[in-house]
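Please find one structure pasted underneath; my questions will follow.
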Amino acid sequence: MISVPWVVNDECLSLLFLRSNNDTMSELVKEFNDYRTRMNQVILGKDNLVMKRLWNLDTNTYAEGALSVKTKEMLGLVASMVLRCDDCIKYHLGKCHELKLTTEEVYEIFAVANIVGGTIVIPHTRRAAEYWEELLNSAQ
Amino acid sequence: MISVPWVVNDECLSLLFLRSNNDTMSELVKEFNDYRTRMNQVILGKDNLVMKRLWNLDTNTYAEGALSVKTKEMLGLVASMVLRCDDCIKYHLGKCHELKLTTEEVYEIFAVANIVGGTIVIPHTRRAAEYWEELLNSAQ
Amino acid sequence: MISVPWVVNDECLSLLFLRSNNDTMSELVKEFNDYRTRMNQVILGKDNLVMKRLWNLDTNTYAEGALSVKTKEMLGLVASMVLRCDDCIKYHLGKCHELKLTTEEVYEIFAVANIVGGTIVIPHTRRAAEYWEELLNSAQ
Amino acid sequence: MISVPWVVNDECLSLLFLRSNNDTMSELVKEFNDYRTRMNQVILGKDNLVMKRLWNLDTNTYAEGALSVKTKEMLGLVASMVLRCDDCIKYHLGKCHELKLTTEEVYEIFAVANIVGGTIVIPHTRRAAEYWEELLNSAQ
Amino acid sequence: MISVPWVVNDECLSLLFLRSNNDTMSELVKEFNDYRTRMNQVILGKDNLVMKRLWNLDTNTYAEGALSVKTKEMLGLVASMVLRCDDCIKYHLGKCHELKLTTEEVYEIFAVANIVGGTIVIPHTRRAAEYWEELLNSAQ
Amino acid sequence: MISVPWVVNDECLSLLFLRSNNDTMSELVKEFNDYRTRMNQVILGKDNLVMKRLWNLDTNTYAEGALSVKTKEMLGLVASMVLRCDDCIKYHLGKCHELKLTTEEVYEIFAVANIVGGTIVIPHTRRAAEYWEELLNSAQ
């Protein structure tokens, strides 16, 4: 019998819907979060257990462990960049911003992603850079 | 000499341009179909034979055979999801809708795609879920 | 609170290690299964909970539901082919063989994968075809 | 201490910002170029040396050598298509247009990309075809 | 009615089985060709029409047209490299060798592939470089 | 005329050939390093400047900066895993081993890669787990 210390509960799932009510949040950031929240509700509302459990597991993956939350979010960001998923990049950039990564650190992650993934990553880096600026501005 | 029972004819190609005139069709679905039709005409108008034959072959691939049309459309959908091609997903969702797949069946395909392809598939699943709702609504 | 009807138990995990003791099993099939079993033991032995739960979830994904086990294994096969993962292809071919898919059905899945994924899938189709012959021979 | 023997050459970098002032340039082409220019400035403004040097190297890759500039741009286009990067496709289409490739040549590149990469490339081919028409029209 | 000037005939298909009997052919090259030939026979023997027609179309794609055979093989090579398909790379390297590409030209294609696709392409470039040396040696 | 202001620094390039002479190094690790070294020499011997400069830049990307060498190697590992490049994974595992990452840390990177990239990453995780054991054993 494998021990399962993580409970599948509302607290975890609620993280999926969490978003800041910060009035200064930029339109770009707000739009992204709103669409994400709305569609998560549609999907989870269909009660497909595999989807629910995968999303729950996703949340647990980035929890503090042998590696810090900050390191794991950086891993999530670079993985999203080389796989060229704009929405995934935005999500992890949002987390990196909350975790107070500096612009210099973020650009070193961009650099690893561009070297490993090639110039095909550049257009995604442009959109990532734009979103990072939005995050910086929305926090002022 | 290989027998070629499929004729390269206008009937097959016309499928590429087929779209419903259903007045209740949602804007999202209509826009997708219109752009697709318009650009298919531009591309086929250039008379590149490889492109024409590939598209014709594409139509034949999903024809009834040892596997049913329904099974093949499900295969096309899951392949499109793990390869993360939003337009391909929309096309196959449209076909799945015509073939009367239930929402429960569609979400089990989503689940396989998300498990095989990882959380990187989630943003595409959001857009797929949105489009499926549009299809359900446009048919009422 | 989300209901979790699937228990994380030894029965599910044991599926990961299951392999036939059939003496007629070909060398290619046996080697694949043995390596897979041995390395699964190494990985699960490290007690990383995310890995364990993802693998358990993977098993549940292919369980009977709105779609049949056979349909889901076909989805898994075509997804593995377009993502060009030889080991994943072998695994799902093994399952398809157990589920008595015909060669004609399997080749229609190959055809969808080659059309969707392009000629880049051909070398993987060669190895898939070889493995399918091995499975057919090992069962005689 | 990292030794940085490579100088970030302004002449090369200026190429990244180059764009036509042609008044007849279509909106689609102009928008693409403007966003690209603006975000390149943001990214290069952060002074990440790896990013700067990668972009400089990118420019040099397509310079005349054993292969002609025209051949290299065709290589860049087909690579962008099979990797399904719309912005990269647009960039190389712009270069191919400047280099006077004929529509017939461009569509043979589309054909190779669609055969190698499969029908998953079709939606990107639609957008490529649209952009190519824009380039043709903007030059009249 | 679309004109179909390419006949689906034995001559085209025989190309799939073509291989040199050159006694000086290196083991690596010979092994690759032999496995390819053997498995092509297995696959085509199953009489799946989509597979047969896709392969036939594949042959036609690289035929002389607005672009030369040499240019098209270079396009096929760079596409195979960025998609990281070792067997596809070997196939196109073999063709490029038959078409007398120089080592300098081949390495400029390698360079485009590595810049576009990133350092993830390097291991495939190592195997490509090894195979190119084999081809050069086998021809002496 | 292309200006090449960047000098190909021998110190950086020599890193590409570096390998341990440790007598206890396992066969698997030794074989990987030997092939890599041999083919790097072949490739660099062809004097393609883009390839040389890309490799040099690759070395610099992982140097200490705003992020530590350890963090950057973890980023390189997770990127290699989601892009499913076995040789790249081995290379970064070797670096992670030199940098004294614990098995628990390495498996948390595996977990992020498997969640982001999906079960398609599992076969690569098996080979990564095998290589990590080899590295642990070779160091005893």
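Letters are used for the chains, namely A, B, C, D, E and F, taken in the order the chains are written, and counting of residues starts over at 1 for each.
Note that in this section a residue touches a chain if its C-beta (ideal position, glycine included) is under 8 Å from a C-beta of that chain, and two chains touch if they have at least 3 such contacts.
Just so you know, these numbers come straight off a predicted model, no measurement behind them.
K.L.:
Can you tell me which chain lies farthest from chain A, using the average of the Cα atoms as each chain's centre?
P.N.:
E
K.L.:
Averaging only over C-alpha atoms, locate the centres of chain B and chain E and give their separation in whole Å.
P.N.:
Centres of chain B and chain E (C-alpha means) sit 30 Å apart.
K.L.:
Using CA atom averages as chain centres, what separation in Å is found between chain B and chain D?
P.N.:
Whole-Å distance between the two chain centres: 29.
K.L.:
What whole-Å value do you get for the distance between chain C and chain D if each is reduced to the mean of its CA atoms?
P.N.:
40
K.L.:
Hunt down the residues of chain F that sit against at least two other chains at once, touch-wise.
P.N.:
50, 54, 57-58, 61, 79-80, 82-83, 88, 104, 107-108, 111, 114-117, 119-120
K.L.:
Touch graph of the chains shown: is it line, ring, star, complete or other?
P.N.:
Graph shape here is complete: every pair of chains touches.
K.L.:
Spell out the part of chain A that touches chain F in their complex, as residue ranges.
P.N.:
Contacts found on chain A: 57-58, 61-62, 65-67, 71-72, 74-76, 78-83, 88, 102, 104-105, 107-109, 111-113, 115-117.
K.L.:
Touching residues of chain B toward chain F in the complex: what are they?
P.N.:
82, 114-121
K.L.:
Could you pull out which chain D residues touch chain B in their complex?
P.N.:
Residues 84, 103-104, 107-108, 110-111, 114-115, 119-120, 122-123, 125-127, 129-130, 133 of chain D touch chain B in their complex.
K.L.:
For the complex, which residues does chain A have touching chain B?
P.N.:
Against chain B, chain A makes touches at 35-36, 39-40, 42-43, 46, 48, 50-51, 54-55, 58, 79-80, 83, 85-88.
K.L.:
Can you list the residues on chain F that touch chain D in the complex?
P.N.:
Chain F residues touching chain D: 2-7, 9, 11-12, 49-50, 53-54, 56-57, 60-61, 63-64.
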